[in-house]
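What follows are several structures.
Paired with subunit B in one complex and with subunit C in the other, subunit A is shared by the two complexes that follow.
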Partner chain A sequence: MNGLRGHRLNVAVGIILLFMPFWMGAIGGYTELASRILVMGLAAMSLNFLLGFTGVLSFGHAAYFGLGAYGAAMAIKYLGAGTMPAIALGMLVATLAAMVIGALIVRRRGVYFAMVTIAFGQVFYFLAFRWNSVTGGDDGLTGWHRAPIDFGVATLDIFGSDKAFYYFALVIFGVCVAAMALLLSSPFGRTLIAIRENERRARFLGVPIEFHIWLSFVVSCLFVSVAGALYALLNNFTDPRALRFDLSGNLVIMAVLGGMRSFWGPLIGAAIFVALQDFVSSRTENWMSVIGLVFVLVVRFFPRGVLGMLRNAAKA
Partner chain B sequence: MSLLQVEGASKRFGSLVAIDDVSMTVGPGELRAIIGPNGAGKTTFFNLVSGLVAPTSGAILFEGRDVTALAPEKRVALGMARTFQITEVFPELSVADNIRVAVEIAAGYRLTPWLGGAGRAGVDAKVSELLRVGGLADKGGVRVGALSHGDQRAAEIMMSLALRPRLLMLDEPTAGMGDQETYEIARLVRRLHRRAGLTIMLIEHDMRVVFNLADRIMVLAEGRVLAEGTPQEISESDKVQAAYLGKAAA
Partner chain C sequence: MTQVVLFNIFNGLIVGAFYALMALGLSLILNLSGVINFAHGGFLALGAYLAYTLIPYVGFWGALIVAPLLTAALGLVIERVLIRPLYGGDPLYGLLLTFGLAYIFEDVTRFIWGAQSLPFQLPAWLTTSLSSQFFFVTGYRVFMIVVVVAAVGALFAALNYTRLGMRIRAGTRDLDTVSTLGVNVRVLRSLNFGIGIYMAGLAGVLAAGLLGLSPTIGANLIMPSFVAIIVGGLGSLLGTLIGGLMIGVASGLAAVYFPSATEAVIYVMMGLVLLFRPRGLLGEEGRLH
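Presenting the complex of A and B:
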């Protein structure tokens, strides 16, 4: 349905991502920036599963991003876990938290839902902030790093090579994005889009709205936690800011900026956001004002986001 | 046994008594029209039966089962489907996808994360059939929001029908329509009733439609049942003439 059409766009995105570490260098970027775009893109697309395709706004997704990050980081630091088990543990912790918190909040709607998501999200922030001995507190969790992945026949040195990490992240990104695309084009996905379109009609077709929103929330948090785990691996570090509500807000900005009605929109929003952040913050302290300005202009003149604008231009 | 049984249902909104001690039954295969002046409580009555609002007192029984405390979506699962006075559809989705959602839910696929070829073919066939029955065969790919009022109505009715309901409740399906559209909808309702044997409750202001289609008519006024009977009995009732038909004729 909406936003999933256009195989050409899928192929184009695939090719761009496949070569990003190479063309990044040509335009003054670097591989780590490419990885950051990928990871934040996955986070924004995951948020958009809930926001753009179920019509439910969460301002607390940083909590699950951060739980994924801390889960993976702590698994490596304290348990000596390998890369994949670390990611899995981050996902598990975040998803369990999302299941419990989701159940507590699904009855709220609109701005009330958004507000309770912030409130619950901040709980984890303060926990990470205060619990010094385990989380490293405000200084973050250091003293660990991602390890090369041993496939038996060969090793992928994601630690030593930035490019190797990028392609490792790209594979995980691809799996997650494909899973979300499949879900959205399934009967289950259609019930979510139906809820977005008209909650009353969906209910009177027999959809238990709260349960489906809960499921969508959990799926969305599950994928955002993968992004969080990758983010910790990318930086070999995580700190409480990975859990804080301003990150939640940034994810919403990325989704809206790129176009929350389109499947790839949030990835484009994330790319613009992360690139601007990188470029502007090296020149001025006030990078958030620049992003804010871009955001306001896009929302004002292209309510369907940057991708929506490009689509309209292509049609004309 | 009656399909639907309403026992002493009342609904208050603050000091306003929108439905006042209404009891009625609808038998299987019946087409029951509900008429009454504006604000009589007809829509509120549908809301009570379908579960959108809870009655202040009284009970709703469906196939002998007390559904008064049941959520709307659970009543839908038992076979109660409805349309709304102001059409409720998924405006940004195509006509076919609107109906598809309903077909998939009816087939028990609402949690299915992946549907195989056979399942999809079954759904497609059902969607095509419903599009045809609703006179929407050539509009399957059109965004519902872009359809005419009458076609949106037809789409909403076909979505409800996709659920294979045992009781279909239609709230003013011809409201705001021209003669031709009204005729099309009336013909569709008659077909569903006569050919498919569907039990239907119909709120309707157009008396030609009512007297043409209904087996029995319930007249509501100020939340109370003013009269109930066959079209002939209702048209001959002095009470109804005075309170309602008289006014409409004047």
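Presenting the complex of A and C:
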């Protein structure tokens, strides 16, 4: 359950990720796909902070992913910001939005929470869609690209080299994931799990439930916005689809597909989902049906996800 | 100017009537079974396209009757095969499953009927304007209002005065007790689901006449329906109805004064409702949080 406990799994995941651009080609992938898996994996793991470890059903995380993406893209396009300040700005915008909206919805639970988050997610979609002059509307925000990062002594050319960008994203991924693991093993994280397991009992123990859920929501949205900013940098582009509700649903299915009770599960789910989407959409126009079928099959046959199943198999 | 404002209020009421029809079906299913039916928009689109296909054979009136029934029949099958096993479990799974179904519906609709918008044939007498001064009051718009009022009236009458309706209302409050009293809860949930999907199909046929046909017609209407339910209050069908009409009028008015906020305004309303009256306008405290 805890990211720090299963050391062998951590090392294995680390090694796999460290060499992903190299073995990706051998199985028919490409470096950009590896980066996309990394970014979506971070998004799904961030969502799972709330979904799997706090037990709160958010179906609107695309909003904060998209705010991170637009924040970073607009910072580069309009302010000429460097890569790191752009990511920071995306995080800031998304986190502020999450703080306000979180305060409005934190008392809702279960289906009600899900519905409210879905609906609120659409505000930003329509903002991006309608506010043509600034966001580029439906066509998306173009005319900018990520810039090489200058460290003074050396320059990392994340624009010219796909691999350089991958490793740049991997470092950020690592920092975010380590931060989430630390948070989850802290008293704060333990309290979140207590809320997930038995909210009423936690309340009787004097835990301020609403504040904890709000904070978990904000933390989750903060990390998901980092993924969003990376996604915009990866594509040198962002459009309203980065904010739309289908992305929210996709993030949830990634978490469930991999196993939302485990720390790394959502990353595995994201890898499967992104690779499948890439594979299917290059072969058939009807890829939406295939993706839909994945949802149905996962719910009916693998509700505990890949890691959940492996764990059951290991016990048996 | 008054005419423009009146036009948009009128338009808003009509759009709101759609939202209400959609949202009432969603609400019925959510209240009794605890499932957010994300595929509701898919069913709506299916109703619309079925009507399009049926019109050459059975005419507009036949299609208006048959298409929603066929949609409801498919709804019953899907409920039986896919959704029933999820009752009582984590609401996450119902949401994910219907979310996947929504993808499949949209894709299949596009596959069968094509991605382009299709024209929807209406009887000629329905398309004429009824008043030269209020040009926007076309026969079809009035007709739509009549159908929606009739459908909603029939629904409320059925819920209040029939045995099935009473059982649905009772089940919404306490399904275990209803089951203990000897009511077959499975059948009750199925029928309730069928009624909800019927409303979606009917909304689809009506929407096709107003907006034309496109595979995303349902996806565009489902979000406002969620907002209608939240604004009206979870658990209250009357609230859902009022919520739907309110957000319809609000977006109609926004279209006059702040065109770019046409869609966003309903979410602002939802935010305000959550801030000042978290349970929604007519929602009951303590239910379905």
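As a convention for this text, the second predicted complex is superposed on the first by the 303 of 316 C-alpha atoms of A that agree within 3 Å, B and C clash if a C-alpha of one lies under 4 Å from a C-alpha of the other, contacts with A are read in each partner's own complex, and residues count from 1 in each chain.
Rule of thumb we're sticking to: a contact is a pair of C-beta atoms (placed from the backbone, for glycine too) under 8 Å apart; a residue touches a chain by one contact, two chains touch by 3 or more.
Because the structure is predicted, anything quoted here is derived from the model rather than measured.
On the shared subunit subunit A, the superposed partners subunit B and subunit C are arranged side by side without overlap.
Looking at the shared chain after the overlay, A:200 reaches subunit B, while subunit C stays out of its contact range.
Once the two complexes are overlaid on the shared chain, A:306 sits clear of subunit B and of subunit C alike.
Once the two complexes are overlaid on the shared chain, A:188 sits against subunit B while remaining clear of subunit C. On the chain A superposition, the C-alpha centres give an angle at subunit A of 80° between subunit B and subunit C, rounded to a multiple of 10. In the superposition on chain A, contact of A:130 is made with subunit C only, not with subunit B. The partner of subunit A that touches more of its residues, comparing subunit B with subunit C, is C. When both complexes are overlaid on chain A, the residue A:209 reaches subunit B alone and has no touch with subunit C. When the shared chain is aligned, no partner comes close enough to touch A:270: not subunit B, not subunit C. Superposed on chain A, the gap between subunit B and subunit C at their nearest CA atoms measures out to 11 angstrom in whole units. Within subunit A, not a single residue is touched by subunit B in the first complex and by subunit C in the second.
Partner subunit C is touched in their complex by these residues of subunit A: 51, 57, 59, 101, 104-105, 107-112, 114-116, 118-120, 122-123, 126-127, 129-131, 245-246, 249, 252-253, 256, 286-289, 291-296, 298-300, 303.
Across the complex, subunit B meets subunit A through its residues 50, 52, 71-73, 76-77, 81-82, 84, 88-93, 97, 100-102, 104-106, 109-115, 123, 156, 159-160, 163. Taken together, the subunit C residues at the contact with subunit A in this complex read 30, 34, 36, 38, 82, 85-86, 91-93, 95-97, 99-108, 111, 223, 226-227, 229-230, 234, 260-264, 267-268, 270-271, 274-275, 278, 288-289.
On subunit A, the positions that touch subunit B within their shared complex are 1-2, 182-183, 186-191, 193-194, 197-198, 200-209, 212, 215.
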